[in-house]
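Next come two complexes, and both contain chain A; in the first it sits with chain B, in the second with chain C.
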Partner chain A sequence: MDQVLVTAIAIATGIATLVLISLGLAVIFGMMRIINFAHGEFIMLGAYATVLSTNAGMNLWIAMLVIAPAFVALVGLGCERLLIRRYYGNLTTTMLLTWGLSLFLVGSVTALFGNTTRGIAAPLGSVTFGNYSVSVYQLFLIAFAALLVLGAALFLTRTRFGLIARGTMQNPAMASTLGIDPGRVYAATFAVGAGLSGLAGGLLAPVSGVLPNMGASYVAKAFVTVIAGGSSVLVGTTGAAFMFGPIEAIVSLISTPVIGQASLLAAAILLLRLMPMGLSAGFRRST
Partner chain B sequence: MMNISRRNLIKTGAVGVLAAGVSPMLSATSVFAQGETVAVGSLHDLTGGTDVYGVPSHACMKMAIAEINAAGGLLGKQIELKTYDGQSDIKKFPQYAQQAALQDKVVMLQGAITGASREATRPVLRRYKVPFVYGTIYEGGLCETNAISVNTGSDQQAIPLLDWSFKNLGKKVFYIGADYNAPRNIGIWTNHLANQNGGTVVGEEYYPLDVTDFSTAIAKIQAAKPDYVHSCLVGGPHMAFYRQWAAAGMLKKIPIVSVVFGGGNEHMVLTPEETDGIIVAYNYFEEIDTPANRDFLARADKTMGASRPYINGIAIGGYTGPMIWAEAVKRAGSFDYAALMDALKTDIEWAGPSGKMVLEAKTRSTIQDMHIMQVENRKWKLLETQSQVRPFDFGGACDLLANPRNTEILVPKV
Partner chain C sequence: MNYAGMNAGSLTFTASLVVVALGGPSVLDTFQVLQLSAYSSLALGVVGLAFVWGILGILSLGHAAFFGIGAYAYAILSIAQGESTFAVAAAILAPSVLAVCLGYFLFYGRVGDVYLSVITLCVSLILFSFMNSTADVSYTLLSVPLGGFNGISAVPPLNWPGFVGDFLTPEATFSLCFLLLAAVYLALQFLRGTRLGRIMASVRENERRCELLGYDPRWLKLVGFVISAAIAGLAGALFTANTGYVGPTVFDLGQSSQFILWAIAGGMGTLSGAIIASFMLQFLASFIGTSQLFNTSLVFGTVIIFFVYALPNGIVPSLQGLLRKLSRLARRQRRRPEVIGDSIKSTP
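Presenting the complex of A and B:
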């Protein structure tokens, strides 16, 4: 019984991690079609913002949930205004641009803080189920990821900004004839995407090694999840996370972690072969 | 703030191109043993994923060369340190090794810390007859006349550490490692030593280097109920394991021992509540309380500045490497390759900050003291010292005096 529960928690953690690290990219790549190779570095910046402000005496929860997303949203806004906006619609150029941005951010953080930064521990302690004990913070991450998806869905479908953003992404020309400035919507959407990545970084800071190059371990998985998710940002990404998270966790548990990772990639390839437009193309109504 | 105008940029660019053009000529005039200086190469990762190992090692190497030069040089010559940045990119290693050997004519090259970069560098230096000093802890079993290992193989770490653990912590071990050659090799050692000590390996798991979610690992370990965990997880992403392990409340329940923890300064990045109690074995740690070490650290503070990195069991090889090599050169009385190789046919002894070290002629590996120590509030606390631990000779399989042509990496038979 306890083993089933712990396995379920491990699977849920896998899904929650994928959702957290992919959501920001889903907005920037899924909605705006910008291949953001600096996505991992946005996560890293969020983690650094959390660690540094906590070390400076800030409350961990404020650092994680407010400072990290706000700071990275600002960085994102700066990048969009200074660099990205000049190259909308040009996939290859934005790809090179964000790749350069990624190298620049890793280099800058290394130069500023060195490659060893004192981290912070996970709060909330642990809870015991029979023979197993599980981190409470891990349970918090699962709950938070669920809330975040729900919140993002409500934001995109029920708020005016959500409507405008979706409209602008679908047809910028039409949006501008309705008196909306697509440039501002793009900037704000990019900032929101960056802020979500920063939030992921903040939330993962207490359970990961916060180092300048940490982004590299998230970026590939985030892209796999978002691409497999397809055009519908939220439903697709969450759906893909629900598919890949359990596959990886269960295969890792019954065989080895290497095969677990390979099976995730195999599942992604199979999925894209069967549904080239992504998982959400199979859903009728999309968000 | 420097003023960068287009004209300036073109000028400096042109100078750079010119300098690049003439540098082969410059180096041609400074062929070793003729000029006032000889060149020695440092090939470490100074940027990229593994710079956490490369930067402190390189800093220690610079310090050693500066001390040799300040003491009047070696055989009357000043040593010029040529620095190559491996950039955590395997491709760069053979390229730079070749450049160091052919263009810069180095008389020794040290570095190539990761196993993969070592294997890329080793054959190049062998071909061009440039002595390769290997300064890091590694999986063990390096047995080649041209490769001088001044740090420890995992046998020198794992044998004292696991013997101690099977005696003091219990008979059941769970081994968890990163998925590449060195941790796989240390997995073989773990099985070998479990057999020797009447213990059992209740689980053995390897994780790709970019894994950050260890919830399945932790569940598996809890299910296997080991007396202790032997971890050979490596690099930044894997630090997540220690975080998640402590967050699950396991740090107080099942002890962790490791031959790599601390090498990337994990005990500084992680918090005391995530690391207190983790047990490791190294030949060096800054907290060694001897006059020689206190003096070494005072000099390090002076040369590297107050913000210098912590010198751990990996970085110390950057210092001991050039020093032991210099002993051998003095013995040879020449920078000549054949003379140095001859000099290495007898043991070379040198005393450094970590005590007496003996470079063994038979294995070209180094006998030294090993310390079993435990993290306590981001510092190391000594538990036990085993003096003058020999490199494992694989039942006599590594004997470079009898078989100087061996270049294979040896592994124990389970």
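Presenting the complex of A and C:
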């Protein structure tokens, strides 16, 4: 019984982690059609912001939930205004540009802080279920990921900015005739996406090693999840996370985390072979 | 863009590679010979990418996966057998088999261009983390330990086919590498000019129209993809034979981005450009690396951004454009020698 519960928590953590690391990418790729290769580095910057400000004496929760997303959103805004703005609609160019950006960020952080692993202790201690103990922070991550998806869904469908953003992505020309500046909406959406990545970095900083090239270990999983999710940003990404999270968690428990990652990728390739438009296209047809 | 396969330019380029291959060893010292052999094997890898990206329009961000599999296949088999003939063949075959499997799913699943780029990249990253995790002695293939992040060292160099232990001298390896580079370049350039190559270019320009004309773009893409994977595998084998070492970093993001960077810097749609750019940027990288002034990935990130921003056409097409402009200028000067100053001023 206890073992079932612990396994269930491991699976839920897998899903929550996938949701967290994919959400920022889903906003930037799903809404703006920009392949953001600097996504992993945005996560890395969020983690660094958290670790550095905590070490400087800041409260961990403020560092994680406020400083990390705010800092990375600012970085994202800067990148969008300086570089990406000029190449909207050109997928390959933006992809190469963000690739350059990714290397640039890794290089800058290595030059500034050195190629060493930093970390902070996970807060909240642990609880025991029979013979097993589970970190409370893990449970917090699961709850927070659920809240974040709910919040993002409400934000996109129920607020004015969400409506304007979705409208601009669908038809920028029409939005601009209605008096909305698409450039500003793009910039704000990119900043929100970057901020979400920064938040993910902050939240994962206590449970992972923080080093300049940590982004590379997330970027593949995030891309696979978002792409397999298909065109519908939230439903698709969450659905894909619910599918791949358990696969990765279970295979990792049976064998090694690396085989778990490989099986995630294999499942994604198989899914794209069967449903080339992604998971959410299948949802839409059935409903 | 120039669609003709064999022209004066490509024959001149091939000839100059052959001249370097035959004349190089007598001019260069041993260190330069070894360095240039390693550079030329990476240049061979980028030609395959320049072909599949520039001609067929497939942006494979995981080109390093094929290169790395070739490198590992060569290392494992040449150590296990003490002989390199079969190892080189396997290094070409193994990535091709992976490319067939992957290409079947990607092209026949009609996965979009961009998704394809991301998935190839993911394959390469997964291989990277897998190879990194094989440090334990229980991970062996043909009784050769994979070595995890330490990689496999003391890989034997190439030997004359069939003569075990009769290793090629560094000079002979140098000549072989450059001759292979010239041969592959010429073969791809020839392929571009054939009927098949022209249909491949039409797939890049407009896949739907090409399909409506009765060609099967999925098959053509698969063929091109496998060719580029086979070349990358051969390049990986030569690289390992030259350096005597292979590690998981052959699969990492840096390796993939180097190939992409060279292909962009050389210019889309040119094969010679990618080769020239790869040599130039490798010299730059080794200069930065030895001078320790800047972080390498910082510099490469900046260089990629610079090329996208300032020279989106790449080095060779930009130079060609400049030459064309200069020759037009010269012609105008010849026609009206009395107003040289004005004609220079009025040229945009």
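The working rule: the second predicted complex is superposed on the first by the 276 of 287 C-alpha atoms of A that agree within 3 Å, B and C clash if a C-alpha of one lies under 4 Å from a C-alpha of the other, contacts with A are read in each partner's own complex, and residues count from 1 in each chain.
As a convention for this text, a residue touches a chain if its C-beta (ideal position, glycine included) is under 8 Å from a C-beta of that chain, and two chains touch if they have at least 3 such contacts.
What you see is a predicted model; the values in this text were computed from it and never measured.
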item	value
Clash or fit (per the criteria above) of chain B with chain C on chain A	clash
Touching partner for A:110 - first (chain B), second (chain C), both, neither	both
Which of chain B and chain C A:258 touches, first, second, both or neither	both
Partner chain in contact with A:210 - chain B first, chain C second, else both or neither	first
Touched partner set for A:139, first chain B, second chain C, both or neither	neither
Partner chain in contact with A:13 - chain B first, chain C second, else both or neither	first
Touching partner for A:91 - first (chain B), second (chain C), both, neither	second
Touching partner for A:276 - first (chain B), second (chain C), both, neither	second
First, second, both or neither for A:218, with chain B first and chain C second	first
Stretch in clash, chain B with chain C, out of 6-14, 42-50 or 96-104	96-104
Doubly contacted residues of chain A, that is, touched by chain B and again by chain C	107, 110, 213, 216-217, 220, 256, 258, 261
Touching residues (chain side chain A, partner chain C) in the complex	35, 83, 87, 91-93, 95-97, 99-108, 110-111, 213, 216-217, 219-220, 223-224, 227, 256, 258-259, 261-262, 265, 268-270, 272-274, 276
Residue numbers on chain A that touch chain B, as the complex places them	3, 6-7, 9-10, 13-14, 17, 107, 110, 114-122, 124-126, 128, 131-138, 204, 206-211, 213-214, 216-218, 220, 249, 252-253, 256-258, 260-261
Chain A partner contacts - residues on chain B that touch it in the complex	47-49, 51-52, 55, 179, 205-208, 210-213, 215-217, 219-220, 222-223, 225, 235-240, 243-244, 246-250, 253, 265-266, 268-271, 273-274, 309-310
Complex contact set, residues of chain C against chain A	59, 102, 105-106, 108-115, 117-119, 121-123, 125-126, 129-130, 132-133, 252-254, 257, 260, 264, 294-305, 308-309, 312
